[in-house]
Amino acid sequence: MSLFPANSGPTVRAVHDEFHGDLLEVSMGPQHPSTHGVFRMVVTLDGEQIVKLKPVFGYLHRNHEKIAENTSYLSSMPYTDRLDYLCSMTTNWAYALAVEKLSGQAVPDRAQYLRIIMAELTRLVNHSCLVGFLFNDLGTSFTPLLYAFREREKILDLFESLSGSRMMCNYQRFGGCRVDPSPEWLAAASALVDNFPRFLDEYETMLTGNEILLARTQGVGRLAAAHAINAGITGPVLRASGVDYDLRKVDGTGFYPRFEFRVPLGAHGDTYDRYMMRILEMRESVKILQQAFKTLPAGPIMDPKAKLRGFRPKAGEAYGRLESPKGELGFYLISDGSPNPWRYRVRPPSLINLTLLEEMCLGHTIADAVVILGSIDIVLGEVDR
Amino acid sequence: MSVVATDSFLERAPLLFRDWIVGHFPVALQWLVHHLLTITAILTVFGLFFAFTTIAERKLLARLQNRLGPNRSGLPWFRTLKLWGLTQPFADAIKAITKEDIVPAVADQVLHFLAPVVIVAFSLLGFAVLPFGRYLIPVELDAAILYFFAAGTATELAIFMAGWGSRNKYSLLAAMRALAQLISYELPLILSVVPVVLVTGTLSTRDIALAQGGWTWGVLPHWHVFTPWGFAGFLIFLVAALAESNRSPFDLPEAESELIAGHLTEYSGFKYALFFMAEYFGLTALSGLGITVFLGGWQAPCAFLEFIPSWLWFMGKLAGMIVFFIWIRGTLLRLRIDQLTRLAWQFLVPLALLNLGNAAFWALTSGWTGPLALARWAISAAIVIVPFFLLGRRLTAGYAPRTYRYAA
Amino acid sequence: MSFALLLIALVLLGSAAAAMLSRNLIHSALLLTGAWAGIAAFYLWAGAEFVAFAQVLVYVGAVSMVVLFAVLLTRQGATAAPVEFDSYKRVVGSIITAGGVGGVLLGAIFGTPLDVPAAPSPAALTVRQLGLQLMGPYAAALLIVGVILTVALLGAIVIAAVDKPEDPAP
Amino acid sequence: MLGSGILKGLGVTAKNFVGSYHDPARMVTQEYPDTPAKLPEAYRNFPFLVTENATDPMGTLRCVACQICEKECPPQCIYIEKSKDKKPDATGKPQLYPAVFAIDTAVCMSCQLCVEVCPFDAIKMDHVFEVAATNRFEGLLLNREQLAKPNEYFHQIRPTEAAEVDGRLTAERQAAAEKAKAAAAAKAAAPKPTTPVAGVADPGPASPRPATPKPAEGGTAP
Amino acid sequence: MSDHPHAFLALFLGVALAFPLLMLAVAWLWVRFFQPAKPGPRKNATYECGLESTGDSWIQFKAHYYLYAILFLIFDVEVLFLLPFAVAFTGLPGGALLAMLVFILLLVEGLVWAWHRGHLEWK
Amino acid sequence: MENLEQIRDRLLARFPAAQVAIVVNPGSAAEHSLLLDPASAPEIARFLRDDPMLQLDYCSNVTGVDWPEKEITDIVKKSVPDPAGGPDKVVEEKTKRLQPGYLEAVYHLYSMARKHGSVILRLRTGNRSDLVTLPSLTPVWRSADFQEREIFDLYGIVFAGHPDLRRLLMWDEFKDHPMRKDYVAPDDFEWEPTPHGDVHERAKAHYPAPPPAASTPTPEAKP
Amino acid sequence: MSDTPAPPPFTPFPAAGNISDAEREDLRRHGILLTSLEELYGWGRSNSIWPLQFGLACCAIEMIAAATARFDIARFGAEIFRPSPRQADLMIVSGTVTKKMAPQVVRLWNQMPEPKYCIAMGACAISGGPFKQGYNVLKGIDRFIPVDIYIPGCPPRPEALLHGLTQLQEKIRAERVSGPQAARHLQPDAASEFPVPDYGAHDLQPPSNPALFTAPVLPRKA
Amino acid sequence: MSMLQACLVLSSLLFCVGLAGALARSNTILVLLGIELMLNAANLNFIAFWRYGPHPGAGTGVIFVLFAIAVAAAEAAVGLALVIAVHRHRKSVRLQDANSLKG
């Protein structure tokens, strides 16, 4: 019963154009429930509609790069945990990857597998948390977030019993991994991974078809592929716009080419696609993990030539990058042959993914801005470093 | 309030108790005492009900989220006694009442002060006409339903006063949202009740509750919700009631993730608690109306359960409604303001108007029996369902779950 | 009973006068809402239950909203500066005029011999009776009101919203 | 149909609600102060210093004040001053010992690097996490006495690692002893007992919260 | 007053107003006797996510809200006539029903028109 | 993908006025880079982005590097005629010279369309004090937006042509460029119980020398 | 020390659990009525601590985790994280306070109504933690606002936060309503708002609030 | 003074307040509100006469008031819409400025 389908469009627009009041400039953040930390957006509103949005950074700028340039390569490893504090395993790995590239170290097979296992577990943690936070921004009373954290706790338990810490694993080393998981650990992890799709199914039953979710996210915050590429956006946000670019496939990082998995792609580049990318990637991660547990080889986990202390790569530079859950996480290192890196730079996916935030939010309402920000998945430790 | 002798003692116990107390006063004052006692009873019962609603909400929400919820508050002097955390609201009350009160320097001091008072006062007023039991109705009005809605209108003003008076950007945005939301949903709320008025031919809550007495075969109560038009009306009523009391998924004015605490951003101490209280009072009163109008009021669901006093039935249904609202809150996400108003004007209002016609049809065909009764049911159901589908399709046009492709 | 009337009158006149005097338009509007509520109280006191609630519903609930929106949309609430009275002369003049009219009215009230019944007529007008009368003898008026309302709706929206020549009025 | 997604969602939450009463997988709350936290063996919070002997913690610290951990600690929260003299360690060999060993737990990032780099297995990660304090200056800077914990405690909290460490240490010591014996056999004229000497310098248990460090162990005044 | 049927409502309103005021009075007494209020320019500054609030929030608002208010007002009045009609429905003659139908349709036409023109859309 | 030499040659052929040099990376990663002169950098960047063979549409990483002035000791071997008339003596002559410092911006380019990379661009400023302007590549790759702002903030390179060049991380009133190697952090070591190195030196300023009578000047000393 | 009954001499962290029952007993020797009032007052407030919804960095995630199903801070009645400081009782400074953020934190603290409490959660909030060497990192939030409980750790486990919360509850319960020992917020001359530092050219102006923060004298070798 | 007279006095006082307001204030909204008040004052009379008047008709007064409310509401809607329209053109709500509005 489409009442007057033809009518809408220009006349209606013209009517509404008359209705501009004063513009209201509101600062959202740094203390705001939905800016995922101490991010700040200065939003100019016309009614509820956003006509301008300026992000303000630096409220969590804790000088990671400067500190790293003043300490040894090894000492920076625990700092990378705190970079993207939801995914310490992948930041560890990305850093180890860059250092290994710099020094030309080899990594034993088992360690390569373990790295992939940890990275994919981290992806599960990150994506489930992100989805939970996204729903918080959408106005649920924490329920999806708490379900997500319930699953996260299980994975964190694994991390903790392996590496000693829930969040700050400090697990990778240059040339391998720190601890070798016991068979019991592997069994527990494998069982958890096998159970994970059940959680995903329940989650999707609960939310994916929800009409309010569809209405709130579909068509909101569209991002065109060409713009996304030009703005350097990576990770699920980019793939939601339909660009096939996953470093696990493109670079073939580590042993990823040995695994069978697919890269989901969105078509609309809107918030819903970004949400679904996460869900689908989690399902693919589960597949990778299942393969990894089946084929995990025995062997050492550290390159025997690697040394812990007194590590001095020869002069040169290297850029190592990894498909972290948030996008391309890169480390750019310049060594001058001393124990400390001369230049230590993190290429933060979260920061660069925010480049087009304003363009994505313009014309939407303040409620959408919050959701769009949530769907980009930032973590302030990485944005501001 | 006439007392019929055939009823059980329990049914009349509150009245007898009140009359017994009233009897101790001089005749000239008896009317006053009579009224005051009623009012005190309402305030006490619903004050406590509010307190336990908050703890119930926190605990049930917690259970919904696989956790325990508040369970350690206990009592001040017996620290080992935890009492399952049931004393939590009183701890909150003590905290709130001793908390410093901050009024922003630039705020409109008068409005900022008046808003919580007004909102509590007017959210209480609705209780005056709710029939809590067969004989427990604070005041019988001929136009009780109209009174109920009229009493609720001032809450909109209070929210506006709070938002505007705070002179905070978030509060202001919230105030405008609140106004738009409340005026949009007031209409479907009233319109959803009109069919019942039409069928029962009265605006008196007592008569409406009475009209739902009786059972088919002793188990199927004649509640309005069990008719097609009544069911549709009840659904509209539920949605509109949620929106009118600013509950999730319609909690836009105090949308935490967007507007901090909305119009409450600048309220601290007990004034904040008053708003909180008003929200629950409003919700409870609306639930009470919903029960009266659609869920048979104080009527028992089956004939053999009638021995339970009617006011217990009412309170039980009230608790059930509250639990339902908590459940909703624990599950759903928030609408956006444009979707919110669209839902009201382009879905609920037309449906409610159609439902009015449906009820008229129902009232006109009350004589149909036998197979005709079935036809009556079918037609009435069709009048509800077909527009529901069509309007719903229109509302969700363009939104659908998607399938995704994978990179080669 | 007259005590109640006195109370109502005080509240009513007080808030109405304050509304007219207030320099803050938002306060004015809210005070006026109070006055309308006072009028409703008067109706209630007089036994016109339905009208009283109708007054609250329409005035407190809806007209006040329209007024508030109008105030906000015309930037009246926006300025911290209070709304100034125009000129002293004008105020005095208007008070004199109003006083004159009031005097005339009062004179008429007290001058007219009214056939006052000893007791008020029993207020036995139920909503049902009201409805029957409304739909019966006053059905034509009802329809006229319906037309007025519809026209007002269209008109108000057209006036407030439509301002473009290319947007034809229906 | 409009509403079906919402109903499904309500169904899931209802399932969780009901499940929270009978299904342990859906009621995951651990009532912390009543049931203590379950800590895995690998859990690390702050470091402690291993002593061989519970009765004389200060005399038998494994730490030889080599200051490697101090150098490697990323946030530099370890402060060590070497002793001027040497004390016999658990195996009786005279060793330097830390005259001052302080860890600022207000800074420590629990990274475990100090543990990894310590060549003497002298520093290990503790499980204690209930360390909230009301005074930052008094409560959180741990000195040598507060850090020292006996090997038995280490065995308690991380049995596997402790056993492995002990095994390694005994092997080393045996090797050392063998070597010493060989040396002794070669140089028959120099008999030297290698029995452990316990509690040489500082008898008496260390108080958990000494007002001032004992003069004997204090650093030297400049 | 005692015999007035609506005395209860007046009393109820009075008590309902007194109830929050009483609570606030208790809170005020606590402040008065135990806990000195400590206002200050920084504490009583407007909150804006931890920043200093700039610009006034009392601004002119977007006019679209007004259309909702008008719609609401008109339909509120409609409801006013709808209620007595609904109450009396069962006893009404056919002509009255027709009159009412016309009345409702008139207003529905307004709604449809507003819908058609896009005024029911929030923008 | 072409190798770096081919790219350079193509660039030089296409932009005769440009100066393009290859900077060799001696490390094991062997990621060599192209050093561009600032004047022609935007054109070259645009060419690299749009060239159908390269299609470097994705600028991943933009970073600054500080190279402070360095003392370089050149050792020149000279044969000096022996005044005594013997054979020429080879003398090592050490000349110290100051290599002027400069700031550098490094761009890591990839192609999403062709899935290859990386090509690394370097731009260098004239010195570290006044000639710190480089052309902004944000108009070419939007992803450089925040990153160039960050470099401006932390290194002080001014990117000409950047649409919105403000400090990114530090507050606007901040005067320094903290990632430069010669930056000295503000001195706030009032309470530094476990200081090391230069922190120790600076912390000392906040702590009085222990009174001579103090017998236990340890960090554990309680206040 | 939760899972292992370690012998008392080895218990470090002297400040943990600092309010003893004896002290509490001592506190109630002044009048039955006042005591009852105090008890009620303390009970009410200690069971209704609403934190400010405010996270700074990694520790904030553990703070959120403390509110999730496994740990469930709701059991203490403290799950109502209020986004507006006007309704909050407790500010959990969870994470690194940068100099850019410090004025905002102080402003938020100022805007909270009394009685208000502050927990510094994690190494960063206490002292700058691992990032204390950074130029933009504030070395402890107690330079600008008074901190009641310090919870070291990086990040502290959620249980550690719960432990800190119980410590805070104890502290609140022990507060007196009147007399010279009255709680801070009840004393008429105790400050309730603190100066907000300005952004300077090189550092915050002033870098700390001297009225609040005086580091103890720490004698050092010259 | 009989009840009826008291009511009538109240109503005329209210009328005067509205009139004074409408005349004294130059703000169009306030003028409209004053008129609104005067309308209400008239309604008071209807009710008063219905209740205490000499010829208590069967609900005529009440029904009249209902109609009056409806008309007043319509008036308010249109009037305020006009104010808004004028404001959009003249950026003013002063009555004098509205005088020049043509068409």
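Every chain is named by a letter (A, B, C, D, E, F, G and H) in the order it is written, and numbering of its residues begins at 1.
In this text, a contact is a pair of C-beta atoms (placed from the backbone, for glycine too) under 8 Å apart; a residue touches a chain by one contact, two chains touch by 3 or more.
For clarity, every value in this text was computed on a predicted model and none was experimentally measured.
Common neighbours of subunit D and subunit F, by the contact definition above: A, G. Contact counts per chain pair peak at C-H.
Relative to subunit G, the most remote chain by averaged C-alpha coordinates is H. For the pair subunit B and subunit D, the distance between mean C-alpha positions equals 59 Å.
Chain centres here are Cα averages; for subunit B and subunit C they lie 30 Å apart. Distance between chain centres (mean CA atoms), subunit C to subunit F: 75 Å. If you average the CA atoms of subunit C and of subunit E, the two centres end up 16 Å from each other.
Multi-chain contact residues of subunit A (touching two or more other chains) are listed as 3, 11, 15, 18-19, 21-22, 24, 26, 30-33, 47-48, 58, 61, 63, 66, 78-79, 82, 142-143, 146-147, 150, 153, 168, 206, 208-214, 384. The set of subunit G residues touching two or more other chains comprises 53, 68-70, 72, 75, 83-84, 86, 100, 104, 108, 111, 113-115, 127, 130-131, 133-136, 140, 154, 157, 185, 215-216, 221-222.
Counting only residues that touch two or more partner chains, subunit F has 169-171, 178, 191, 193, 199, 210, 214, 217, 219, 221-223. Within the complex, the subunit B residues that touch subunit G are 58, 62, 65-77, 85, 87-88, 90-96, 98-102, 256, 260-261, 264-269, 272.
Interface of subunit A with subunit D (complex): residues 71-72, 74-79, 81-82, 143, 147, 150, 153, 157, 160-165, 168, 170, 178-179, 202, 205-214, 308-309. Contact residues on subunit A toward subunit F in their complex (touch as defined above): 57-58, 61, 63, 65-66, 101-104, 227, 229-234, 243, 245, 250, 313-319, 321, 328, 330, 332, 334-335, 342-343, 345, 347, 351-352, 354-356, 384. Chain contact summary for the complex, subunit D toward subunit G: residues 28-33, 36-39, 45-46, 48, 54, 57, 74-76, 104-111, 127-140, 142, 146-150, 153, 156-157, 205-209, 219, 222. Per the touch definition, subunit H reaches subunit E in the complex via residues 66, 69-70, 73-74, 76-77, 80-81, 84, 88.
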